[in-house]
Amino acid sequence: MLSSAILTGLVLGGTYALVAMGLTLQYGVARIMNLAYGDIVIAASFAAFVLFSALGINPLLGMLLILPLGFALNWLIYAILLQPLARRSRDRGRLEGDSILATFGLLFVIQGVALVIFGSGFQSYNFLAVPVNILGTIVAANRLLALVLAVAFAIGLFVLLTRTRFGTVIRAVAANPASAPLVGVNVDSVARFAFALGGALAAAGGVVISMYLTFSATMGVVFTMKALIVVIMGGVGNLMGALAAGLILGLVETLVSTYIDPGLTLAATYLIFLAVLVVRPQGLFGKATS
Amino acid sequence: MKLAAALIALLALAFVPSLVGPYPLGLMIGILGYGILATAWALFSGPTRYISLATVAFFGLGAYTVAVLSETLPYPLVLLAAAAIGLVVALLVGLATLRLAGIYFVIFTFGLTELVRQLVTYYEVNVTRTLGRYVFLPFGPEHIYWQLLALLAATLAIAFWVRQSKIGLALRVIGDDPVVASHLGIRITRAKLTLFSISAVIMTLAGAIQAPRWTYIEPSIVFNPTTSFLVVIMALLGGPNRLFGPLLGAIPLFLLFEWLSANFPNHYSIILGLLFIAIVFVLPNGVLAAVDSVRARLTRKEASA
Amino acid sequence: MLEVSAISLHYGKHLALDNVALSVADKETVVVLGANGAGKSSLLKAIAGMVRPNPGARVNLDGVNLVGRPDHSFVEQGIALVPEGRGIFGDLTVAENLELGAYPRHARPHEARQRALVLDLFPRLGERQQQIARTMSGGEQQMLAIGRALMSCPRLLMLDEPSLGLAPIVTTELFAALQRIGQTDIALLVVEQNVKASLGIADRGYLMEAGRIVGTGSAAALRSDAAVQQAFLGGAAPTAISTGVFP
Amino acid sequence: MTNLSRRTVMQGLGVGAMATALAGLPVFAQDRTAIRIGYAISKTGANAAGAGITTTPNYLLWVDDVNKAGGIKLSKLGVTLPLEVTEYDDRSAAEETVRAIERLATQDNVDLILPTWGTGANLAAGPTFDRFGYPQLAATAVTDMAPQLAARWKHSFWMLGGGHDYANALVELLVKQRDAGTINNKVAIASVADGFGIDLSKAATPAFTEAGFELVYDKTYPLGTSDFAPIINEVSGLGADTFVAFSYPPDTFALTQQAVVADFSPKVFYLGVGTAFPIYPGIAGPNHNGVMGVGGIDPDSEAVAAYFERHIALNGQAPDSWASAITYASLEMLQQAIERVGDIDREAISAELSSGEFDTIIGKVKLVDNQLRSLWTVGQWQDGKFVGLAHTERDGSRDPVVPKPDWVPAT
Amino acid sequence: MSLLRLNNVTKRFGGLTAVNGLSFDLAEGEIVGLLGPNGSGKTTALNMISGYLPLSDGSIGLLDETISGLPPEHIAHRGVARTFQLVRALPSLSVGENVLAALAFRKAPLWGAGAKAEIDTLLADVGLGGRADQPADSLTYIDLKRMELARALASDPRLLLLDEWLAGLNPTELQAGIELISSLRQRGITILLVEHVMDAVRALCTRCIVMNTGSKIADGPTAEVLADAEVIRAYLGADHA
């Protein structure tokens, strides 16, 4: 029972981590507090849905198309919409305020376009809803996929960030963008790349969750908030933090549901989130600022 | 002189319900509601720059207090109880968030709102076995309007007083540099808690007063996180560090929402979103700052002419 | 090598630089002296491309005007700046900071050579390769900042008050290191308040006041000039400079 | 439209008190070129999905049907007039709903106002409809308070019953199955902690207990839950032949998927809102067969079949098999009431709605104390249709298939 | 009687001991230099005195009272004011408001008209006369330092902690700065000065305390301390001895 609950929790946590990972990159490196993040996730879900139901393209193959599209779209969003704001305000507080306002607008635009195209109804389809038996616990393959992808992305990005020169450049921009030009780093293009990569990860999350979650055009904000919770709990800009926080939230939710009361799952996740911040104001893996 | 003008304006506004129809009155109620929330929000968040998303937590608690107590207590006592509950929760929240800053504070306050909503839901579902509650108070829109008008006047008066007072200066110092603040002898915790509580009590009352307008209260109605976001946007748009800034942010935005949802019900989202983006680019420092700069340009032109 | 002319810069309404011109020859060490607020830092930032001067300005490196290019491209042309406050990547290790120093394309092939040079100049950085930069002392951070700049194979290295806040013994070490750098192919442009020490390693100097260059001369001449002695080594009112000692 | 709204905004600024006074003037018959219908509906926000399935398409269909047929005949005025629509987005907020109705009633002076989607919003709108004397045909509100509300607001009509109706019908149906020996005595219930789930579970829990069932699981889960593995895992080990979820659409779909994955295939699998949605068979695949849920239609009714066809033709999607038909029927009632009154006299129309008998796609309908009592309460997917098994007034046209077919594992 | 007494003051950050068993006394009216290499623990010591950092061990007394363990605002109210190594202006306030912030929250607060006169006096004292209404973020580096000093003085301190207040000044400015600090002695303010500018230390300090790697290595009259062999080895270097 316990092992089953833990496994189920980890699988759920994988979804949370997967959805949050792109946001931590966008916020940590490009310093964009992206309130439209969840709508990118939903947009990718719709794309996967269309490919699957209209063209019969397997979502896993669809990902090969949707990920680059997500990258390109977010690249454009940054270049057109956010880069001027970032240039205008080199200090962090100002950019935070501006990016909240601008991406709040973007949220409505993406949601509005989705509403016009797809209407407001629920969309859902089934893919990979096959049982996988792990140590006697049955989990759905599509949910397991989310966990596997979350772990793979986290490790892959971790290696990219810590073991390559380009990764060091990205971390340098994240830590001290004002100094980056001194070593010849084009902050704009690194931030744009990080934002676009974050967008591609969001798209990956969107494709995977569309295989098992019901979604609608107006649901993006749900994912934005969940992702923000995970990112903040893990510590801004920290991929491993996002992974850990996602898994912890999944575990807490499942354990509370199994052993206490399903009615308290969300209360428990918020409680654990708040408790973490009260004890560690910079998040699980964040650096103390002083 | 200014005081007299303010009182005359207040008096004039008090006669609005007898002059206009129900729909304009409804608009005024909406504007007052958001104007109060935005002004109260800026009371704390303007000088300290702590962006709080807990607005709707207090708003919702106010509404729920009315829903729970309106049958058993006389109305003034219900409002008093709402204020007291808002105060207690504000103190708890304030103490919990003392060490948080920046985005951590923002999302913490959001999480807190959701926690309050979840706990209220759980309590209602498992203890009272109902979710929605009904508020049948004998109030028409004009009664709600008058109460909101009084609350807005009080909020502006408090905001005015805070700006003149030592505590207002203390908050600005804290917002700039809390380390310096403490070394100058400012009791940071006390200053922050005081203003956060005042702001929260006002928000709670705003929720309490508007509850009878909906008849039916349930968590998804009164703890709607969109409200918190809108309040932040309105205050930022108007300029959170000016007395009338938040109010002047609330009015055009509210009317804009109304106009768009009426004229473009099917493309509301897209147009609104584009307008938001345009605002960020065109009015980078808020409406009042833009008005100021236009005025400055005009005076310069006059001077040179 | 470096010819700067007609640099003016506004911060809002404030005129920080007023039609400044200066030059640095190959391998030369040049120091800029002046009161706080005279515009020395702004000048270095303008030359390094960190701020964009008013139209008409020229920052010519071997005859090519760099003004208007993006900020990050200046270091690729061979102009490295060690800014005030050092600007190191505090969250990264010493080794990573140095690695980033060699990020400009032209510097990458020479990374190993430059690292050897830096570690020879500042042996302490070698001992601390894996340390997080932020946790080092002020003197070590300054060395790292200089080392990182050297990693970019600069032709011109600019330093903004490198000795600020450093203990006397570290200041001595620092100027010794700068002197060694000055003896290589690298030209130095230094802004300093430590007039004695900086003139000690410099070939030439400029005097700045209120955003303008008000005088220039060889280091030896400046050192021995009575008016400079008075203005910068105690006693006289700053107006002594503005009377134009070195027309 | 644009001019009107600009004027409205001006008034909001407190400038146009005069205009408001003028706007109160009655519209004379000879000016009339259309019957003006207004509604505020959730096009964005949390309620948009529900409204987009059940409410908006039916409003569009009804307007289309009426106008294609030439309009509504106002015999007292001697004209037949088409419908003209003013629509707003209430953004899923009660405050907006209330204000939009004020606007429709006093600013736009529409002839009739159609209600928004959802229980909470309809309750919130109640006093405002009442204040302006507009009939409110609440077709998507489930509340046990309906009798009291109908008494309080004379112009309100509650078309979808209360939690007790659905819970009792389900229990009654299951009692028969148990007594026949088809299912065992154990029942597991999971309810969404939101208005609908609580209303139903509050009614169902005592009903099951009184009927002698053993409730092996009876818990709520929060709105917005996305993973039901813990609940399904726990319930599957409890030996209940009957699983009941008073759930919302996303939960309904996720519960189905999870039950299939976990191979938890109880003999009775009953889910709340969403089972009756046209996309349910698409999501559940072959496994939709035999799943029970709230609502239902009469599969043998030609009127319903024709309604489905028209709905698909206009909206590109099928209606749901619960509240959609009720919504459409409520509009037919409204239309017939108007024609019988022969004028836009809202008092008379309300009175007719209260007392008259109407011929609708769900059959002959007569309200009892302003409530529609003739409702399909339990439905089941059989042969591609969500057929009604239990009805508040007549016998079910179909027998329940119990046990339902075993899940077909996904491939 | 001593004004300030540090007794075995120790600060550990994780495994690192930044200040190790530091003890010294300051007599009322003294100007004392606190010297030492970068990273030797001087600023950490100041931070503990002002209450910004809690002590790991030891105690700090001001007059007869133990102040260690008190928060900064309480220590400020007992008469300790400071400046910061990197100037910390309050950028969104005006110059005058920067000073007012100290006046308004000190132990004997000033507010309103009385405060205004005091602001003008203090600003004039540091050479910023007539600039009260200017925004603080428009000041140059040296003027920010002046403003920060005026703000510290506005707290009406007994003990003033100056953390490299003279750093980054050119020789002329330095001369003016030294005179300004020297004039504070006449107000009866005791000053503890962390400084690397030896000319200033020699000109101002009657006594110096030198730290190295967290511990005190010398304490005595300035001339003696600066001639001390260990101080020369660890801090001054042969050139500056």
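The letters A, B, C, D and E name the chains in turn, as written, and every chain counts its residues from 1.
The rule is short, and it goes like this: a residue touches a chain if its C-beta (ideal position, glycine included) is under 8 Å from a C-beta of that chain, and two chains touch if they have at least 3 such contacts.
These numbers were taken from a predicted model, which means no experiment stands behind them.
Visitor: Going by the stated contact rule, which chains contact chain C and chain E alike?
Guide: Chains in contact with chain C as well as chain E: not a single one.
Visitor: What whole-number Å value describes the gap between the mean CA coordinates of chain A and chain C?
Guide: Averaging C-alpha atoms per chain gives centres 43 Å apart.
Visitor: Report, in whole Å, the distance between the mean C-alpha point of chain C and the mean C-alpha point of chain D.
Guide: 75
Visitor: Taking each chain's centre as its mean C-alpha position, how far apart are chain A and chain D in Å?
Guide: The answer is 35 Å.
Visitor: Centre to centre, by mean C-alpha position, how many angstrom separate chain D and chain E?
Guide: Those two chain centres are 73 Å apart.
Visitor: Residues touching two or more other chains, restricted to chain E: which are they?
Guide: none
Visitor: Can you list every residue of chain A that touches 2 or more other chains, as numbers and ranges?
Guide: 111-112, 115, 261, 263-264, 266-267 - these are the residues of chain A that touch more than one other chain.
Visitor: Quick one: which residues in chain C touch 2 or more of the other chains?
Guide: Within chain C, no residue contacts more than one other chain.
Visitor: What chain pairs are in touch here?
Guide: All chain pairs meeting the touch criterion are A-B, A-C, A-D, B-D, B-E, C-E.
Visitor: Report the residues of chain D in contact with chain B in the complex, numbered from low to high.
Guide: Contact set of chain D toward chain B: 1-2, 5-6, 8-9, 11-14, 16-17, 20-21, 23-24, 41, 43-46, 87-96, 98-100, 102-103, 105-107, 119-120, 123-124, 126-127, 131-132, 145, 152, 193-195, 198-199, 202, 220, 222-223.
Visitor: Touching chain E in the complex: which residues of chain C?
Guide: Contacts found on chain C: 12, 14, 33-37, 85, 136-140, 161, 164-173, 193, 195, 231-238.
Visitor: Could you list, by residue number, the parts of chain A that touch chain B in their complex?
Guide: Spelled out, the residues of chain A in touch with chain B are 27, 33, 35, 81, 84-85, 88, 93, 96-98, 100-102, 104-113, 115-116, 221, 225, 228-229, 232, 236, 261, 263-264, 266-267, 270-271, 273-274, 277-278, 281-283, 289.
Visitor: Under the definition above, what is the set of chain A residues touching chain C in their complex?
Guide: Residues 165, 168-169, 171-172, 175-176, 178-188, 287 of chain A touch chain C in their complex.
Visitor: For the complex, which residues does chain D have touching chain A?
Guide: Residues 42-46, 48-49, 51-53, 56, 190, 193, 219-222, 224-227, 229-231, 233-234, 249-250, 253-254, 257-258, 260-263, 274, 277, 279, 282-285, 317, 409-411.
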